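Each structure below appears as structure tokens.
Across the two complexes that follow, chain A remains constant while its partner is chain B and subsequently chain C.
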Partner chain A sequence: MDADISDILASVSAPPIPKRALDLQALTRAWINERSSPELLPYPTELIERSTQGVKSQIEVIEEMTGAMDPTSNFKLVILQTELERVKFLLRSFLRARIAKIDKHPLHYHSVATSADLGDQPILSRLESQYLVSHQALLSSHYNASFLSLFPTQLQRLDDATGGDSMIDKPDEDTAVFCRVLRDGYVSRPPDDDIELKRGDVWVLRWTTIREKVRSGDVELI
Partner chain B sequence: MALLLPPGLTPNEVGFLCEMELVTVIPRQRLDSLELLGGPTQALKPPFPAQLPLWLALLLKRQKRANISPPPWLSVPALEQILDFETDNNFAGVFSPSPDLPAPRSTVSMPEDPYLSNHTLEMSAPFLKDSSTSRAQENALPYHWLELSHLLLTHAADDFDDPDSVRRLVRDLREVRMSKLRKGFKVLESSAGVKMNGVGGMEIAEVRGFVGGVVDGLRRINRSREEARREQMDEGGVGYGSSGRYADDDDEMEL
Partner chain C sequence: MYGEHGHKLVTDAKRIQGLDKLPPYATTTVRAATKEVRDLDRDANSLLAPYNSSSTQSSDGSQMRSSFNPAEDPGTACALLVDHISMRRNKRCLLAYHKTRTDKLEEMCWQGLDVSDLSQASTGASQSGAQNGPSSSLSAEEEQFVHQYSDLLAAYKGQWTDIDLTGSLEPPKDIFIDVRVLKDAGEIQTEYGSITLTKNSQFYVRQGDVERLIQQGYLQKLS
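So, the complex of A and B:
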């Protein structure tokens, strides 16, 4: 009973978490999830927009302070720049991890992105799908020019799915991942028993088992 | 340019993450609150302690503008107590429990919310409140314990009462926990599903390649058997599933 009362008190008296701190938590989690998961996760459009906007305005602030040539603000400038570089690293590493996955399975993500419903969260951002399409066009015209055109016509396709095996390589979705539970719940994983997930638990599970939980924010990868 | 690193955070990246933990500093000079991208910092007014992210605290420490006060769990009596738990034979199979979690901000996720929506976002390490400040829980190791103690002992050793004993205890703890982790590898099997409560971030970074490799390798070996079980279950109901698994376990022991 005591615990309940202190919980209620904590939730009432605790100041709300600043929006920027929430965004940093979300960006950090997006980065870790994307670095650890075997396949691409939905692109958090609004979050990345807000973060890049924040970086831009922070650069303006820093430029203004540098222009003022005030010796007393030198140290503040060092702190602001250090933090800016940290956030830029997060953003850059996040986007680069995504490009690495797109480069590895371009045809797979192309078909995922084109077959997705409009209501769904987009897998690729606008820039990423532009990159995917033009990169793929360059590659296939290069392959064609250098050797594919010498093959018999029926062997020239790069995405042949007939004859049992599809040529389109998919990421291994059953890879084991380390994850942490953020909200209680349970997952089923036939043919094994269901697993009860308790807040704070750390599990090694197959990506397919917890994929939906990661997307809904109930579980995070670590 | 695409990233060339393998999936999963590297030790360097875990260290980077750990630097976002809040620690308590005792400032030596004034510093106004700064508008950072991650929210405003606390204004520094000596001699009042303030909570700052570790990277900033280390920056101030290096320039002798502040002292860092180590979290309560990073002290000789607290570490001795945790080490006693870790070496207790009754708890040979488990890690010492992690600190109590704050109440969740929300109970359910909204299905229509986009990925990583702000409304239902739960905080977790390194952003958990007071996991490494002077208000931290004394009798439990937080997620980034190893990285944090390493950074503090390297860059702020003079802020400890007895840095050498703390260093020795941290090393003992690391070894005890690592050997526990290695013993735990025996239960690895192709279906994954291993619970590792209380494990630290750097410890995961150390074993990630091995655990992932073993589980994925076993899965590849067992693929045909697993498909057979799945078919059997579809035909014969749930009952057959468990009997099949015991047979699997016996086979895996020989590997």
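So, the complex of A and C:
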């Protein structure tokens, strides 16, 4: 109970954090989550839009300052540029991590993206799904041109699920992840007992157990 | 030997994973494996042929399946099973081989290597292996694939101009770095004026400005 009250007090009395700092925190968190989760997470459309917008305006500011040729602003400029490079790195690494996952299990994500939409949080961004579709088309036309067209027709499919193994590869959803609890809560672990998650706790759990909590932002991966 | 071509392709694929250059495309092996599949298919069809004809004669309109009953003739059933499994295996081997190669090619595209450079570089490395076959170590299909993929990549990258997706994936520490020029690269424009990069000279420049030149091997980063 004590923790609850101090939580509430903290949220009331703490000075408001600037929106841009929050965005940076969210971006860093999204980046870490994306890099450590075995599965593609929903695409944070608005966050990425705000961040790219921020990068754009920051570039303009820097250009203006270099244009002014004021020696006194040089130090400030270095700081601004360093910050810009870091945000750019975060975005780049985030997007590349996603592309790497898409490339690894293209057919799986294609079916996920087309069948289940998670309301306002689609798995893939518009650009990513374009990339996925054209990449897949390229690959299959390459396979066809190289050898597949000479195969008997019943063996020409790339998403064949008959005959023992499904050809659609899936990410390993049962793999273990390290996570930190941000908001108190419960998760159920079917074969074992439920776990009470306390803010600040660090757990090693199966991805399937904690997936929903990560998506809702109650838990972050580390 | 039965299934040998597939095995060869898979070991090749495994080997490719560890190489930094792409060895020549194994045209003959791929062709042989594909031919094996067709032979197996023909074999399976001929095994099934007598049953098929009897099933059409029995005029069981809706049922187009053959009247073959595995329990009656375990020998044929076994032969059929082996045929089918081998076909699937060959398909998997072929797919694995091609996928490994395309992965490698995609990686090269991401690193910003030029495609024409790339096929030349790999032929240089594989002079001994290639007889009087194609001059490039890529098959015609692969070259086409690389071109299309780099177009696709450029299109995707074009949407993120400010971020430069193919940039370094190392977290940046300093915005200015020391570089040494390994090859003459001419003059480059930076925010602080233009720099002429002549061989063996050393500069203190902004990392973002010379990122591309480092990747292309014109500059070396000094730590």
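Simple rule for what comes next: the second predicted complex is superposed on the first by the 203 of 222 C-alpha atoms of A that agree within 3 Å, B and C clash if a C-alpha of one lies under 4 Å from a C-alpha of the other, contacts with A are read in each partner's own complex, and residues count from 1 in each chain.
We adopt the following convention: a contact is a pair of C-beta atoms (placed from the backbone, for glycine too) under 8 Å apart; a residue touches a chain by one contact, two chains touch by 3 or more.
Given the structure is predicted, the values throughout are model-derived calculations rather than measurements.
J.: Go through the superposed model and pick first if A:R96 touches only chain B, second if only chain C, both, or neither.
T.: Both partners.
J.: Under the stated touch criterion, name the partner, chain B or chain C, that contacts more residues in chain A.
T.: Looking at chain B versus chain C, the one contacting more residues of chain A is B.
J.: With both complexes overlaid on chain A, does A:V55 touch chain B (first), chain C (second), both or neither?
T.: both
J.: A:G200 in the overlay: touching chain B, chain C, both, or neither? Say first, second, both or neither.
T.: In the superposition, A:G200 contacts chain B only.
J.: Going by the contact rule set out at the top, does A:Y131 touch chain B (first), chain C (second), both, or neither?
T.: Second partner only.
J.: Quick one: classify A:V78 as touching chain B (first), chain C (second), both or neither.
T.: In the superposed model, A:V78 contacts both chain B and chain C.
J.: Considering only the touch criterion stated at the top, classify A:R86 as touching first (chain B), second (chain C), both, or neither.
T.: In the superposed model, A:R86 contacts both chain B and chain C.
J.: Figure out whether A:R183 sits in contact with chain B (first) or chain C (second), or with both, or with neither.
T.: first
J.: So chain A touches chain B in one structure and chain C in the other; where do those two contact lists coincide?
T.: Chain A residues touching both partners: 55, 78, 82, 86, 89, 93, 96, 103.
J.: Using the touch definition up top, name the residues of chain C that touch chain A in the complex.
T.: Its residues touching chain A are 30, 33-34, 37-38, 41, 84, 87-88, 91, 94-95, 98-99, 102, 106, 139, 141-142, 144-145, 148-149, 152, 156, 159-160, 162-165, 167-169, 171-172, 174-175, 191-192, 206-208.
J.: Sort out for me which residues of chain B touch chain A in the complex.
T.: So the residues of chain B in touch with chain A come to 1-5, 7-9, 13, 16-17, 19-20, 31-32, 34-40, 55-56, 59, 63, 65, 98, 101-104, 106-109, 111, 113-118, 120-124, 126-127, 191-199, 201, 204, 208, 211-212, 215-216, 219, 226, 229-230, 232-233, 241-242, 244-245.
J.: Along chain A, where are the residues that touch chain C in the complex?
T.: Against chain C, the touching part of chain A is residues 52, 55-56, 59, 63, 66, 78, 81-82, 85-86, 88-89, 91-93, 95-96, 103, 127, 130-131, 134-135, 138-139, 142-143, 145-148, 150-152, 155, 163-164.
J.: Where on chain A is chain B touching in the complex?
T.: Residues 7, 10-11, 17-26, 28-30, 32, 35-38, 41-42, 44-47, 51, 54-55, 58, 61, 75-76, 78-80, 82-84, 86-87, 89, 93, 96-97, 99-100, 103, 121, 172, 174-178, 180, 182-183, 189-193, 195, 199-206, 209, 215-218, 220, 222 of chain A touch chain B in their complex.
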